[in-house]
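Sharing a structure with you now.
Note that the chains take the letters A, B, C, D and E in the order they are written out, and that residue 1 is the start of every chain.
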Amino acid sequence: MKKVYVKEEVCVGCRLCEVYCITSHSKYKDVLKAYKLEPQRPTPRIVIEENRPVSFSLQCRHCDDAPCVKSCITGAMRKDPLTGVVTCDTDKCVGCWTCVLVCEFGAIIRDVNNKVASKCDLCAEAGEPACVKNCPNEALVYSEGGISV
Amino acid sequence: MKTINALGIYYRDLNEIIKELVRSGEDIINLKNVNGQRYIGDNLSGTTKINIEGTPGNDMAAFMDGLTIEVFGNGQDAIGNTMNDGNIIIHGHAGDVVGYGMRGGSIYIKDSVGYRVGIHMKEYKDKVPVIVIGGSAGDFFGEYMAGGCMIVLNLKNDENIVGEYCGTGMHGGVIYLRGDVEDYQLGKEVIKEKIDDKDYALIQKYVENFCQYFDYDFQKIMNHSFVKLHPIGKRPYGNMYA
Amino acid sequence: MSLSYLTPEFKVLRDYDKCINCKVCMRQCSFEVHSYDEDLDKMVSNDMNCVNCQRCVLLCPTQALTIIKHPQTFKEHANWTYDAIRDIYRQAETGGVLLSSMGNDRPYPVYWDKMVINASQVTNPSIDPLREPMELRVYLGRKPDRIEIDENLNVKTKMPPQLKLETPIMFSAMSYGSISYNAHAALARAAEELGILYNTGEGGLHKDFRKYGKNTIVQVASGRFGVDREYLNTAAAIEIKIGQGAKPGIGGHLPGEKVSEDISATRMIPSGSDAISPAPHHDIYSIEDLAQLIYSLKEATDYQKPVGVKIAAVNNVAAIASGIARAGADYIAIDGFRGGTGAAPKRIRDNVGIPIEFAIAAVDARLRSEGIRHTVSLVAAGSIRNSADIVKAIALGADAVYIATAALIALGCHMCQKCHTGKCNWGIATQDPNLVKRLNPEIGYKRLVNLVQAWSHEIKEMLGGMGINDIESLKGNRLMLRGIGMTQKELDILGILAAGE
Amino acid sequence: MRIVIIGNSVAMVGAVEAIRKYDTSSEIVVISDETYHVYSRPLISYYLGNLVSEEKMIYREKDFYRKNKVETVFGIKAISIDERKKEVHLENGDSISFDKLLIATGGKPIIPPVEGLNKKNVHTFIKMDDAKKLKEAAKPGSKAVIVGGGLIGFKAAEGLHHLGVDVTIVELADRILSTILDAEGASLVSQSLQNDGIKIITGTTVDKIIGDEYVKGVLLKNGKELEADNLIIAIGVVPNVDVVRNTSISINRGILVDNTMKTSVEDVYAAGDVAEGYDMLVESNRVVPIWPNAYMQGEIAGYNMIGINKSFKGIFPMNSIGYKNTNMITAGITNPQQEEFEIISKIDHNRRSYKKFVVKENRLVGFILINDIDRAGLFTGFIKNEMDITPFKKYLLNDDFGFIYLPKESRKAKMLDLEVV
Amino acid sequence: MLKEGYVRIPSGCAISGIIDRTGRLFSGQSITDSIATMHDRSNGLGGGFAAYGIYPDFKDYFAFHMFYDDLIAKQETENILKADYIVALEEKIPTRKTAHIKNAPLIYRYFAIPKPEKLKLSELDENEFTIKFVFNINSNIPGAYVFSSGKNMGVFKAVGYPEDVANFYKLESYKGYMWLAHGRFPTNTPGWWGGAHPFNLLNISVVHNGELSSYDTNRKYLEEFGYICTLQTDTEVAAYIFDLLLRKHGLPIELACKVVASPLWKQVERMSPKEKFLYTNLKVIYGRALLNGPFSMIIAYGDGFIAINDRIKLRPLTAAKKGDMIYVASEESAIRQICKNPESVWIPRGGEPVIAELIRDNEKEMYSTKEVTA
């Protein structure tokens, strides 16, 4: 399946991916409105790691054998059998963080405000992940089967 | 071993012969009656030894990367230009700009050298170029020197071991002088110091070679005081710009 | 510390209605203009530091930023301008030589813009490059007087080495050190893709780029950085760097703090140590010495590689070029006084040298009058800004052009002229790994390829208009040019007629 | 082929989902003494505390059985197995034959031999019915004593606290959560509980249950007496191996399985809390009664029952639990006493956070994270993948620890899905 | 194409000089062999020689060597010459056909002395008178050029490699006690023979390697003293400066050398008070006569020559001695070619002249103190 990969060599650490992730998961789908109007700004669904000079953003790998799905105590975490996208049903999620415990990528973010797991859904609604679309340096790529180095 | 009478052979033809021999792995090449032919040893690598009788022309051993060249006579200008490795032994004096931009290997000169010797010598990792001079040196000795080691022995006791502006812009490497030097002769980027045991050991190592090549008495040379010149810092012009 | 008299050059206007405190601007500004004030819960700016590189402007996700020239003004004075006063303050504070970067920014006339190009009308046809053949390929190198063939039509002439260019554009010398690894990666790859050459500059050739050897011109400059057997053997051609248009008569100086491990390995000098390239090669103090080095390099490469010489355009350029041609150079690159640089003393950059337009015209004329024009190729450099400049340069007598500033602009340079600080926010003129990665070579090389391809197409269009279908027919074809708004003397030097003549 | 599964919890789901990935034709029969649609056992404390409604307890959507073509035999207990005849005997006298059998009967509470266990309002707390019963009995303002400060007791305490019950935990060990936490960690967590008025009594246990028909209180071994309206026995669980007694299926503490979840008897598998599978850290078989383990063992069993050879690499204990805003994640060996273990830890009282890493031979073998639990899975991964942590060991305690501290090659291999040459 | 005089043409070069201090005459073959060794220092666009002692039969006459583009120029020149001078002999300078020497002008020589009455009328001495004559021809007669005007000496030069030039002029047939040679590497091809070196005025001849960055300063300084720099070459100004310093101002040779290659202020600061006063004022007065930029040059002045480098020695120069013979050249090989085993070979320091004169009584040796045994 197509996933988001990062070329850390060209990640500039701007965190625009985060800005656009928030926007993409906001009600308005608009940067300004997402930040200015929404009472509770969505939790970004990506992890940004930075230890200068290296930086990169990390998105859920949507593992084939997703341990978060297997471990979820509520059944909130599901992998779509067709698309392979792993999503968290926040209605079901109780914030037990077992997914945080088992995700080897540390790619599941705790939405502490809502006490639910927040994770990359590849912007399923938008077609292309917002982080990839808005990465100013093409450090994020949305591709099938990894990228060559 | 191959012997070539270079008398009247144009440098290009001579070098073609030499290159061919070096590339075929010849161990020793004797060049007789060399006079003014340029570029001998240019950009060659290998272990060949070239013996030169006469006066080789300019840019001898330029870009050389290996080889040993022994000159039984004087050298001209720009010997060992941008040389990377190898060994040069000159049984006489040499002209200006010896060892320009030299990065490795060694040059031993029995007598004096001209101006601007060791300009821009630099070292990198295990490559440490060395020039040992039996006589004295002209002005601008070690200018912009960025690495390596130069030793001036002043065995003829010239009034000045080196000329003026010695070590101007120097930012690496070390110069050892057998004898002393006045402050006015030094560039403002160098400091003069007494040598310590480590320095002595280093000098000793190269002087041993020198004595072996030119048949000098080692003890006689070493029974004399040396001074050491080294740069104040790696950034001579760090504060020049606004 | 006493009061500094300097005032900011630029002002950051932040539209707080649009600012979302995302701090992208803060993270992207190496000059530390932007910061977040926790008490105010606002982003704030330090205008003093702003160089107007526009990184923040372009990355701001809400277009909340505008940078303007600082409205702060001095009393108007035609002589003691703001810049003149500012420079004095700077020097009075520091006692230093004023350093600047990129090309001469003084308002000298740009002669390219005073020349116009011809087109066919009726008496001969224009050519449509979309349908009809159009050749841009050039060969740089010494051309023998004549071809010699035997009775079986075998060529007997021993051809001097030639450099093949698919389009008469090369990327000019920029050293690894003055520009970043990624910038070099982009240039090298673009050169390969385009079938042209790029130039290492004097900072050595990184081992990663040896694979682009056949598209690489390596430089031998006074510092001899990174010059060894492999370097010489890898390259397609060797260029002796004598001078640079932005700073004729001045050497280069890469400060130790930019000599990273990687640069140290490439230049083969200890890291952290200044890399000084003095103005002269210490083995060249006269023209016959240049000949000596040219032939030293030819000997070194068995006469298989062209050896070029790059000089700055200066008063005597025609005579010097003639000497260089006779010294055995295969090509001469002439760099006009508007050429770029990673660092140059401002006064030198702004006051030394002559425009490339005059230089190339004068050199071409001189070499022709001596009958040696064919023995050497000419490369014009020093602020070629577009394809029309190239057409004009070739019509004036160049065989090809070097572009550098234009290439860097394609890569994202915003001409803030702060290369010498090493803080290039676009990842070009910097060695800071935090900044270098901002230039993605994947993107960069494509942009360069796009630029050169676009220019090449435009050149074809212009050639077609002139009724020419081979770039060779443009060389020295000064009848294709006319001058506007020039004195007779200027027209004479350029060897062109006035418009209407 | 007919596959029979005894048990209706997560190991069953793991098995069914694995089977149905490749095999849509085999018959699957699920037997359970409970009557509920498969629900989440760990959520019973949430249910108890009114944090989750009963409908939300379901672990898989309502059409799970139908969609997966599972025949359910619910409300009837399987009482024995005839492994030779390949039959499961139910308490109603029926038998169900099988080609493959998965025993996923889970655990059952440990009941200590204490006087007065027969009084009303003495509860256990592992099943939905337990929770319902307790919720019914625990009135706001009433008092509850929880015997056992382990995971079950801890979660029960939280639930009860949410109901407004005055809770006291009685723990025999010197601290609560002693199986997963060390003294520092436990004290930090205890603090949170105590701040909410939950009382914790350690170093003793219940000696006697006081009361008549209903529980009134307990007498502790230390002689102290506590009032109680409800008493919750939460000492722990043991594998529920009742159904395999009197069979040739080997049992230790749980049903012994190999790394394909097969028991000692052909065609009979076991998974989940009832199984004693391989623990990769202690390098021997062990019952690891945790939810993710149960799913994965069920899944492996499922695959193997339909002939797909997949083996279980092993498991180790890991838990993510919390009390209100106190979250803790632990895994592996968390409190070793032997010297061969290296401990890297940091406690921050201001942030009430605690990090502890247990290292053996340059491999991470366990950790405790309290309140600073983000990206805990990275460490779980290191344990699971037996990663040599030497290159980044010194950064483990960094607040921003992540892949960024890993050597570039291994980081990229991991993140870019590639084999880096 | 503009030739020297209309455009400034910097050039690089090879130089060589030989003197037999006893005054014994020797053929031009030696100097030819010497300069030919340095073939690659020139590019075939200029070679020349100065030979002293070659015209003993006419040693009191100015020997004018002339290039004429055509017979009109010759006629006009001879009209002026014969109006002012008694011409003892006029002839074509003998040449031989040489493959590499092309486009030769008309080359004549005249042995002449000023007519006494003209000299008297001019109120000049014969040297001044002759200089004026030379300047007049060179400035005012199109196509005529006096390229040698000393006594008992002559300059021979052409466009070509020096060895070809020697062959062309049959230099092997001349005998002199002092010879200079020059191989030129100009930065263009003037195609004009007058542009080759040596440059000569009266008995001073200069061969030069390098380019004077101070050219225009030097030239304007000389013009104040009546010199007309028709060639725009460095060699020309160098010759005039020595003429000014040695002949007109009567400076000792050593001091003249300290003008063209003056000590640095830093060095002057270290001198004794007396020296300091001298050198300070020398620099103050003759600052614009400093030859700045790279050069090594040989200045012959009849009795000998001075070989000197610029003060920071940007050009090569090697000297050697064997018996009464003194040799100087850009490269040692050029000396070794004709003197296989000199007694000593040395490399003079920057600004440190090698002065080699005919031996007179009670005279000490004046060449450099810096010697290295070969």
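Quick note on the criterion: a residue touches a chain if its C-beta (ideal position, glycine included) is under 8 Å from a C-beta of that chain, and two chains touch if they have at least 3 such contacts.
Note that the coordinates shown come from a computational prediction; the quantities given were computed from them, not determined experimentally.
Chains that touch both chain A and chain E are the following: C.
For the remaining chains, with chain D not counted, a single touching-connected piece is obtained. Looking at chain C and chain D, the chains that touch each of them are A. Among the pairs C-E and B-C, the greater number of C-beta contacts is found at B-C. A simple rule picks the central chain: find each chain's mean C-alpha point, then take the one closest to the mean of all protein C-alpha atoms, which gives C.
Distance between chain centres (mean CA atoms), chain B to chain D: 78 Å. Between chain D and chain E the centroid-to-centroid distance comes to 106 Å (mean Cα coordinates, whole Å).
Chain B has its Cα centroid 63 Å from the Cα centroid of chain A.
Chain A and chain C have Cα centroids separated by 43 Å.
Residue numbers of chain E whose C-beta contacts span two or more other chains: 40. Multi-chain contact residues, meaning those touching two or more other chains, do not occur anywhere in chain D. In chain A, there is no position where the chain touches two or more neighbouring chains simultaneously. Contacts between chains form some other arrangement here, matching none of path, ring, star or all-to-all.
Contact between chains, as defined at the top, is found for A-C, A-D, B-C, B-E, C-E. Interface residues of chain D, counted against chain A in their complex, comprise 14, 40-43, 46, 51-52, 56, 58-61, 291-292, 295-296, 299, 318-322, 327, 329, 331, 373-378, 380-381, 384-385, 400, 402-405, 408, 411-412, 414-418, 420. Of all residues in chain C, those touching chain E in their complex are 285-292, 295, 316, 318-324, 326-327, 366, 369-370, 372. Those residues of chain B whose C-beta lies close enough to touch chain C in the complex are 12, 15, 19, 38-39, 42-43, 45, 58-59, 62-63, 65, 77-78, 81-82, 84, 97, 100-101, 103, 116, 119-120, 122-124, 127, 143-144, 146-147, 169, 171-172, 234-242. The residues of chain A lying in touch with chain D in their complex are 3, 5-6, 8, 47, 49-51, 54-56, 58, 61, 67, 70-71, 73-75, 91-92, 94-106, 108-110, 145-149. Listing the residues of chain B that touch chain E in their complex gives 11, 35-36, 38, 54-55, 57-58, 74, 76-77, 92-93, 95-96, 111-112, 114-115, 135, 138-140, 156, 158, 163-164, 184.
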